[in-house]
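Going in written order, the chains are labelled A, B, C and D, and every chain counts its residues from 1.
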Amino acid sequence: MDLSKKRLAHIVFEADDLPGKIFDIVLLVMILGSILVAILDSVASIRAQYGEIFFFLEWLFTILFTIEFLLRVWLSRKATGYIFSFYGMVDLLAILPTYLSFFVVNSQLLTVVRALRLLRIVRILKLGRYVSEAEFLKRSIRSSSHKILLFIGFILTIVLIMGTLMFIIEGPEHGFYNIPIGMYWAIVTLTTVGFGDITPATPLGQFFSSIIMLLGYAIIAVPTGIVSSEMAAQRTREQLAKGIKCNTCGKAGLDPTDAYCKACGEQLP
Amino acid sequence: MDLSKKRLAHIVFEADDLPGKIFDIVLLVMILGSILVAILDSVASIRAQYGEIFFFLEWLFTILFTIEFLLRVWLSRKATGYIFSFYGMVDLLAILPTYLSFFVVNSQLLTVVRALRLLRIVRILKLGRYVSEAEFLKRSIRSSSHKILLFIGFILTIVLIMGTLMFIIEGPEHGFYNIPIGMYWAIVTLTTVGFGDITPATPLGQFFSSIIMLLGYAIIAVPTGIVSSEMAAQRTREQLAKGIKCNTCGKAGLDPTDAYCKACGEQLP
Amino acid sequence: MDLSKKRLAHIVFEADDLPGKIFDIVLLVMILGSILVAILDSVASIRAQYGEIFFFLEWLFTILFTIEFLLRVWLSRKATGYIFSFYGMVDLLAILPTYLSFFVVNSQLLTVVRALRLLRIVRILKLGRYVSEAEFLKRSIRSSSHKILLFIGFILTIVLIMGTLMFIIEGPEHGFYNIPIGMYWAIVTLTTVGFGDITPATPLGQFFSSIIMLLGYAIIAVPTGIVSSEMAAQRTREQLAKGIKCNTCGKAGLDPTDAYCKACGEQLP
Amino acid sequence: MDLSKKRLAHIVFEADDLPGKIFDIVLLVMILGSILVAILDSVASIRAQYGEIFFFLEWLFTILFTIEFLLRVWLSRKATGYIFSFYGMVDLLAILPTYLSFFVVNSQLLTVVRALRLLRIVRILKLGRYVSEAEFLKRSIRSSSHKILLFIGFILTIVLIMGTLMFIIEGPEHGFYNIPIGMYWAIVTLTTVGFGDITPATPLGQFFSSIIMLLGYAIIAVPTGIVSSEMAAQRTREQLAKGIKCNTCGKAGLDPTDAYCKACGEQLP
């Protein structure tokens, strides 16, 4: 078996042949396993029973991730370039918490960092067939980012004004202790979440609540409209650029305004 | 009356003539009736009064469904082919629970299986005019399934990170007992359901809650945009392939870019 | 002043001249006034103070509506044709409750019927500029009614299966007393309303709740997509049929693919 | 340094050179600062500690805003024209509350007016790159305003009828004290907010609640469809009028149906 440095780098960094794919799948299972352990470990009753197994598994995963990290450092053409890249930082963050638990007494914050291991999956998927789909979503959202920022600014203005208004109308006796609480309530209401932990009790408060609810219900149409029209435009553009592919015979580069494949006569998707 | 095996098979499996339609309607009424009985039987006060009638009706429906099932087995060209098909399994699941209630003491789980009888309606509708509409919806959703899967992966990542964060910030004293509970809360909040059974009580928790709510409110635009643009594309394609039909004179195959019917001059739908 | 029967009928049934418009506005104010009286009359503290004035106003509105009803019967070409039309029934329903309050002891149900007076506003608006907009909305919804019915059927199936499942998992001890209550909870959850009056308490129940919430959050995209793509298609069709109008110089029938008015050179809306 | 009246007016009213931009950024920071002070001042525990600093900062901001207001009055070609313009009124409202706090004992209402300072940010952004985006959103919403008004009328009719119905079905014993409370509940439910402060307790009430929830869930598609189709139409029109710009080489006025830039050959956005 060829295990030269170049060959190893290919297996670790690419996924276009069998060993590369197996490496990615093993990594995927390990990441999901380590996250599952972190989740189950937080449940007191399960921890009481399996706490020691979880402790052992957490160290096992950490040691394997450490070996993988060192392998990547060794294999990459420029070690510091890899370490200070986005994925390098994520890989480092995936192993640091467990080692730090020796020094830090309150290790709870380290659990959040362990949840960040999920971000490592992005790299694995990046090499898969989801690239073009993710690119499509990213481009659609980026194209409409200005409109969406404007919309969020508009929402925050409503939240501030409504939060202040409700603080004055309802007051501390109905749970609106201060403006930040009023703004929290306004966000809960405008986004149609509606926990019900704080609710208006005066007729005037209920009237203004009704307005903010109808507003929230109506303006959800705005971001949806922005993204929908953006995606429709992207889709047309993409099809014009690439053409479409026949699912039946596999012929690519077909004119998107055609309804039937000119190669095999089947209806196009 | 012609009741040859071939004729019977036509009545049972097709619905293009009167006897076939009557057979389907009788079956539809029986399915809905058996489900209604299961629903009403679960209400303690109604059961106390009509429990015996429900018991009788349930057995009546089961025996009739059994006869129908045996009929289908006998009439289908290949018996095992029918039994192991999707619809065959659904038909079998529709009658098994009642017979199993002889052997199983805790018969509650069987109630769920009885609810699956509703799936049998799909077959009846499949033969109706809803086929093309269902096809349209199915094709639109399938075309965008990659994008939707990516979106669900993105949501689960947010749910994991936010659930862990809230478990650490709020802790057991405010109802966030462990990470799975935190993730349940994150889903309740992100989807804008907002039961209010668990709510943040600390300012920091309320701040992160506000972020997750605004996020949930904004990203609902993404699946909507995906499906909308997909459907718009599907619709254009479908019209190009089939042409449209004039509602006034019934002329089909018209050019979808026309505004008036070229046969009768009426405005097109 | 010309008050022939024909002239009166024109004032009452049309709204294209000043007297007709005044008649409509007076009627609109009276309808809204009578509904406001019904709303305020239901508030115990306000009723205690102004109950007698409300009683007098209710009778005043009823007598005026009665005169209007008799006028319409007299003026319409065929009296029975008007009375048994949709608007005739609505007009009759607007005056009957008050007269019936003589005979019916429990007059609460009559309040709902009084709320139906609001439907009378539809007739007045029908003669206004909202006709074409309402037509557009109606046509878009009717075109997609098959798809929407299919979608509602799909939702009711989920509601039945999930309601039954939760009734079995959570049971009466957590508020899921029977299947109808379980279905009510499933609707509250799937539609993302989330009252929180009934919430899952077991881990398994919370897991299935999470699934139904994510489902509800994702499938909202389907009806939105249906209506959006339908409206986009309607809009294109409408513009092709009618052409568009320049807001600056008022020129109508312009080609919708033009960006500037060919009559005055201004940018088109 | 040139500080003639004309030069000063340019700095204050425009933002196309460095001094103008600095002036705008300083103003932006001051507005956000004064709002932050108002928010924090409402939190009892923070006020107890920093109340005096907040009092001083509030007066500092007020005096600076006053100087800015007088500067604008002096610099504008017609003083009364500026004062009675929309922005003039907003600027005046930004400074009045603090001065009025000398005369008004209950100064809480003044806090709301202070929140209106946020509107001043609009002017600053108006001179930035968000103009065209805001114009796009405004035009899309204005074009569909008739349809949206009709939709809100439809919602209010449902709210009135459902509110009255629930008041009669559930009655005061379940929290539905009068029709306005019933209407408040109907809005909470139809908009899918679902606080849970008032919930139906009778089977009939739960049945009607289910209908209003499914209705609210389905009709959200209507405003979304309106805005989406409107935006798609706007977008097409805009592109036809202006052409699109290549992100790579900066070439503008390109045909929007092209997929590649004809100047540099890069794929168009």
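The working rule: contacts are C-beta pairs under 8 Å (C-beta built on N, C-alpha and C of every residue); 3 or more make two chains touch, one makes a residue touch a chain.
Predicted model only: the values in this text are computed from it and were never measured.
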| item | value |
| --- | --- |
| Contact distance in steps, from subunit A to subunit D | 1 |
| Homomeric contact subunit A-subunit B: same or different residue positions, threshold half | different |
| Centre distance in Å when subunit A and subunit C are each reduced to the mean of their C-alpha atoms | 40 |
| Gap in Å, rounded to a whole number, between the CA centres of subunit D and subunit C | 28 |
| Set of subunit D residues in contact with two or more other chains | 180, 183, 192-196, 216, 220, 224, 226, 228, 232 |
| Subunit A-touching residues of subunit B, taken from the complex the two chains share | 139, 143, 146-147, 149-151, 153, 157, 160-161, 164-165, 167-168, 177-180, 183, 189, 192-196, 199, 203, 206-207, 209-210, 213-214, 216-218, 220-222, 224-226, 228-229, 232-233, 237, 240-241 |
| Subunit D-facing residues of subunit C, complex | 35, 38-39, 42-44, 108-109, 111-112, 114-116, 118-119, 125, 129-130, 133-134, 136-137, 140-141, 148, 152, 155, 180-181, 183-184, 187-188, 190-197, 216, 220, 223-224, 226-228, 230-232, 234-235, 257-260, 267-269 |
| Residues of subunit B touching subunit D in the complex | 192-196, 224, 228 |
